[in-house]
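Next up: the structures, one after another.
First subunit A sits with subunit B, and in the next complex the same chain sits with subunit C.
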Partner chain A sequence: MRHIFLLSIFLFFLSSCDKDESSEFVDGFDRSSMLTNWVDNIIIPSFIHFNNSLQNLDQAVDDFIENPNAMNYDELSNLWLDSYKSWQHVQMFNINLAEDIEYQEKINTYPTDTNLIHDNILQSVSNLNNDENETAIGFPAMDYMLHGLDIDKNSIIEQYISSNSAENNKNYLKDIIKSMIAISSQVSEDWNSSRISFINSTDNTATSSLNKIINDYIYYFEKYFRDGKIGIPSGMRSGGMIQPTTVEALYKKNVSKDLTLEALLACKNFFTGNSTNNISSGVSLEDYLNYLPTSSENNLSQDITDQFNDIETSLNNINQTFYDQIETDKWVLVDVFLEMQEMVALLKTDMLGALNIATDYTDTDGD
Partner chain B sequence: MKKLFYFALVCSMTFFITSCDKDDDDHDDDHGHNVTAPADYTFERNGLTSVAYAGQTCRLNQASALDGAMKDASTTEAMINDMIYYGIFPTTIESCSDQKIGNKIAVGTNSNLTETEQLAVQNMFLTMVTGQAAVLAASGNTASAGVAGTTSAGSGNRMVDEKGLEFNQGIMKGLIGAMCLDQITNKYTHPEYLSGKDNTEITDNYTSMEHYWDEGFGYLYGRDNQTNPALQVDALLNKYLGKVSSQFPNHADDIYNAFKLGRAAIVAGDYDLRDEQAVIIKERLDDVVAYKASDYLKAGANEITAGSHEMALHDLSEGYGFIISLQFTDHFTHSQVNTMLDQLMEGNGFWDRTASELNAMAAEIDTEMGF
Partner chain C sequence: MIVSYLEKRTKSHSLAIYRFFFGLLMFFSLCRFWSKGWIDSLYIKPDFHFSYYLFEWVKPIGDWTYVIFIIAIISSLFVCVGYKYRISIIIFFISFTYIELMDKTTYLNHYYFISILSFLLIFLPAGSSFSIDSYLAKKSYNTVPKWTVDSLKLLISIVYIYAGLAKLNSDWLLEAMPLKIWLTSRYHFPIVGETLFQYDWFHYFMSWAGILYDLMIPFLLFYSRTRLFGFILVIIFHLLTKVLFPIGMFPYIMIVSSIIFFSPKFHFKIIMFIKKFIYNLLFFLNIQKNNIKNSLEEKDYFFKYHKSVLLIISLFFIIQLIFPFRYLLYPGELFWHEQGYRFSWRVMLVEKTGFTDFKIVNPANKNNFFYVDNSNFLTPFQEKQMSFQPDLILEFAHHLGDYYSYINKDIEVYVDNYVTLNGRKSQRCVSNTVNLYDEKESFKNKKWILPLNDEIKGL
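And now, the complex of A and B:
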């Protein structure tokens, strides 16, 4: 690791001496075909899949609103989970419009703010697509509306039938899915229209799509995958004091692991170039690292693949809900965190070093 | 390992500076710094201060309030956890905006500790909180070997566990290393941490690099007079820097001057000079922590020799906390520290310790430090 750090210092000074400001990369790897594979076989199909899942979810919301019974409730809850899993494959692509409109914050900010949700319900606030409501919309808000509104399934269903706020509850549920569909189709459309420019932006500059998407991938891995799903709930960001109420899918509870495994698969697919539905495998970072002499000699891509497996193994040591696991023995999750942490070093230090790509973010922990 | 790394870093920098420099004759690299430190830690940009460390002042204020609360028998475990980990106090703490002590325990980015070791230290603090709450709950008992309770030896009532340990001392003196020293020397002033941090873009009237350095300053002087520190104004590192003035008559000035010059070097873009100041700060602060660890062990030994074992408990409790802090210096590893702590806690803990055991442990520290 240290060697790589020194090497990057070396490269830094080497390049600082270089008066030629050209950002042309000279390693000869076909970056464009990698970008093409990502956008055509991973990103756009993942968005299509996600949008379809939202349409199904919307239909289930309508059915449940029209007839709030146990069968429709189960269907709705299942489709919420399907869609939530599908979301795990798109969240990491947070560039361009998605970043501008705070897409991932609007779809998956947790823990959700139940007070704000109740205020919104009470006041029949229906325009939810704004920054102020990020903590009261998206999957976490729907999780609360479906699994947290009362003590058990029957009582929750009653909240949509006989409670004073039954109508408002129904409306709020519908408003959440409407907002998710609206912004998701915008972001989807943005990807479709920027496909060509995305593929052609292969330079090694801070604004090239290649650098942005790779940086964003690692940023996602650190902040949302490692910290959001595992690190924060298990107390890794609070001096060891556990924060079980910050798990993803807090109210459904028994799906946090499924969502994390799904996100792990998405991260792995991006690295290996496998399409979401696994029907094709194309050019990706794995090939790039195998192509470059240094990383190929060091077997970096194999190390990364192995580390993905280690993360999965450690996740499978969790045999209860994340919430219960954290409360009873957080160290099982801490182990997962440490495996993820090793991966961050591989991706951020070793891989970016090999690719000679600069990080475009720094830790903003200064206070 | 770390020293080797600096050496390599400096070599590689020097090499490239010379290799880039077309104008070798004018370049007097090694000791030709012409940065002058200002008279005090005042730095301005456009007529306004560019120094800010309210977050550190907040945590030092919180630590003082915590210190008081942990001596109050009505304080519960939940209340201590609220204070440390959630920043929730019974009264408003000045300078705070959502800061917490808890997320700054053993998290130095450039620590000698591994991540697992850092976690173990964090967990130790959680355990000490639980221990302190239990001690407070048992404060109605009279303490003796194997019995938690209150001891009235010396000044005021001290509440100890069955091994004679005041956990509040472990927590407070532990924070001196795990928070103050770690944040200052293993993060904010650390050459590796600062390397590559932005020093051009001005936000809130300072650059990132300036601000990080100031945050390091804040963990030592956050409750003190910025332009003329009085020392002994907080419950943590500042207090003990003030207390070691007879052993290390120049350390307080050296450290303040190094902070000033390092900050001026950042403004001037002279990073070699900045890093030299970081080394001065680290060496001196390490001395303070290690000296107090050894000193309290000897004080405990003296009490035992004088036949007042109960009087030794307080000294040893402070020593226990300072020993926790030792692993954040460059002189003691996590496992060395654990070995010392285990030795202190063996059997009935402090009640079982002999003067010669304690003096031997102090001598180990002195030898390593060259005291």
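And now, the complex of A and C:
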């Protein structure tokens, strides 16, 4: 009893000491190196890649505006897809400035509001970077401007040559890409400047970057990846009514699956720690789960990896555009949804349980 | 022997000082609760509230909920200073208990402790001395029946010992769960976070020390020779839990509660100390003080309805002793199905995370279904709590069934529910093949809860 007593006093004394910075490792997991891997090998390179793709897209827009022909149109459409794919690797990092300025809403809110777009075109609205225009900018708006303005390619190109609003259409196209570049460079800059504080914020608290990025990863997977891409269009998360017009890239149509596969790869890379261009593989959640006693015993990281593969397999069962698939046989998409659902269960129960991370909402007492 | 025990008397100071601290602590607890904005975020913001079975009529009343808190806060102050004590403690008991019954999401053992403690205090003459009541009536009761003070000690002992007994299980003793998960995840604590908290032996040490503490502390406090040691342990233990876990006011409540175990002499000293402080304060504020001193007539307190009060108190304790064992009436693993889990001093026993999505199905065509977005109905906190507690899942399923019955009044509600328990792999808890909209809440065994694929041995 006396030993317990003395030890308790000792412990109490220790735990009431002032916080200091010298927390040296004895046998703990190096969370800082996980954050370093994420920011240096995944987040910042993905932003560089994305910003470059936007620059290319911007050039293609200029070329097309100057000379609206079929060749320039194809080039523009291809670069739009390249950039859209590249975007799938940055959307999930919705913390700090990105969250504050509603970055992902401004880049990828779909379905886009075609009425608002036409109003803007008509009134030559050029300042688009505000909350009211979130449904009229970004990739979905560009998708409409490039693939939905008219019934086919030639008539769409005509919209930029001889229609009454040709000039305004050109301007609007340019304004969209301008606003995307502007906010993207802002967010990139924010990541560059907050890199050090990001890496060092490894505490298990609701506001640490470690917890924020993991919570956000799961939130992204559930709300934007599962629901946005599959759940809502298939009716699974929209009251049972199929909603084919809510698919991503509605006007281009045949690329929804590519974008979803790209986003899946991004989710997987974040989990395994692989860099986007596959150059390096560093410390990540996979290693963390293998380190923690309960999840390593349960082989959790293997389960999650397997589930990523199951999602990919189910996605590859889709042989037509999401839009057509939903109209003809939504069950192929429902299967994808159910696979994603199983993943959400793994992430929200086993992974969050093993990490025991402080969530951002419960600040009430426990007992 | 029992009769002679019931006639034993003790100084009234012990009850008085307990009343004083209890009221004061409740006052600060409720103010703290308010200042954190929890009245708004827990009781006013949510559209839906989880109710206790048979208490479905207890709901927050919009902005008027603040009035309930004001009533509880004022009555706690009245209890503290002993003004209209009996009616104040009754009002406090009712208002506080009402608050706790408003939403099951926020259930905490220590809130329940406060509720039953204030119920017990209704019957104890805690306002008979060192109170405004006795000052105004110009009489102070010098002694009270000894059992009144002992009943408080008994209640506190029950809390500790039952909390200790509940830890007599294989998860706690042999796996050091859930402390292993909790301690390792507090790696950011200075010095000990990356060292002690990561050691396996330390998790076992803390588990075993914790259960020893719970089982022994009432005895240590009871005997005068070990009392000081016990009290120091109480302070260390509760401050330690305070540092480690987000448990709010609970540590302070338990620390202050253990003061009741000290001798009446010691309680008298505290009272004299507080009195002196008040006199000095009054003097400092230039308020007349000469008429306060020694003008009280001293008497002994006797219950008007001694037998009825004794009957109520005895019944109260019999229920307290039996109620936590009601889980034996349900088959299966208590930590998993949670039938009979609450109101039983099961503290810090389980680490659960859950995932629960609801599926609305058209019975005419089972292929016609969709999933509900919980966040359209629940706050993130409610969703988290609901996700691993079967009775909350059932209640919410019924709410969804009612809501979506505009589509079809025969609608069926199914659930995709996975739960982890103390580091085990997640598995389905509520069955995904049972239409929950057809199941009714009751005290009967919930057959739609799937068994845990494992066994936890022990109590």
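Criterion: the second predicted complex is superposed on the first by the 331 of 367 C-alpha atoms of A that agree within 3 Å, B and C clash if a C-alpha of one lies under 4 Å from a C-alpha of the other, contacts with A are read in each partner's own complex, and residues count from 1 in each chain.
Assume contacts are C-beta pairs under 8 Å (C-beta built on N, C-alpha and C of every residue); 3 or more make two chains touch, one makes a residue touch a chain.
Since we're looking at a predicted model, the values are computed, not measured.
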| said: According to the stated criteria, A:D350 is in contact with first (subunit B), second (subunit C), both, or neither; which is it? | reply: second
| In the superposed arrangement, which partner chain does A:T205 touch: subunit B (first), subunit C (second), both, or neither? | second
| request: May I ask you to name which of subunit B and subunit C touches more residues of subunit A? | output: C
| query | Which partner does A:G240 reach: the first (subunit B), the second (subunit C), both, or neither? | reply | both
| said: After the superposition on A, what does A:Q341 contact: first (subunit B), second (subunit C), both or neither? | reply: both
| query | Hey, what residues of subunit A end up touching subunit B and subunit C alike? | reply | 9, 14, 16-17, 235-240, 341, 362, 366-367
| request: Sort out for me which residues of subunit A touch subunit C in the complex. | output: 4-5, 7-9, 11-12, 14-20, 23-29, 31, 202-205, 208, 227, 231, 235-240, 292-294, 297-298, 300, 341, 344-346, 348-350, 352-357, 359, 361-367
| remark: In the complex, subunit A touches subunit B at residues 2, 6, 9-10, 13-14, 16-17, 235-241, 334, 338, 341, 362, 366-367
| message | If we count contacts the way the header does, which residues on subunit B are in touch with subunit A in the complex? | response | 5, 8-9, 12-13, 15-16, 19-20, 55, 81, 84-85, 99-107, 115-116, 119, 122-123, 125-126, 197-198, 208, 211-212, 215
| task | Would you tell me which residues of subunit C are touching subunit A in their complex? | result | 36, 38, 42, 106, 108-110, 180-182, 184-196, 198, 205, 209, 212, 229, 232-233, 236-237, 239-240, 243-250, 347-348, 351-355, 357, 360, 362, 368-371, 373, 379-381, 384, 387, 407, 416, 418-420, 423-426
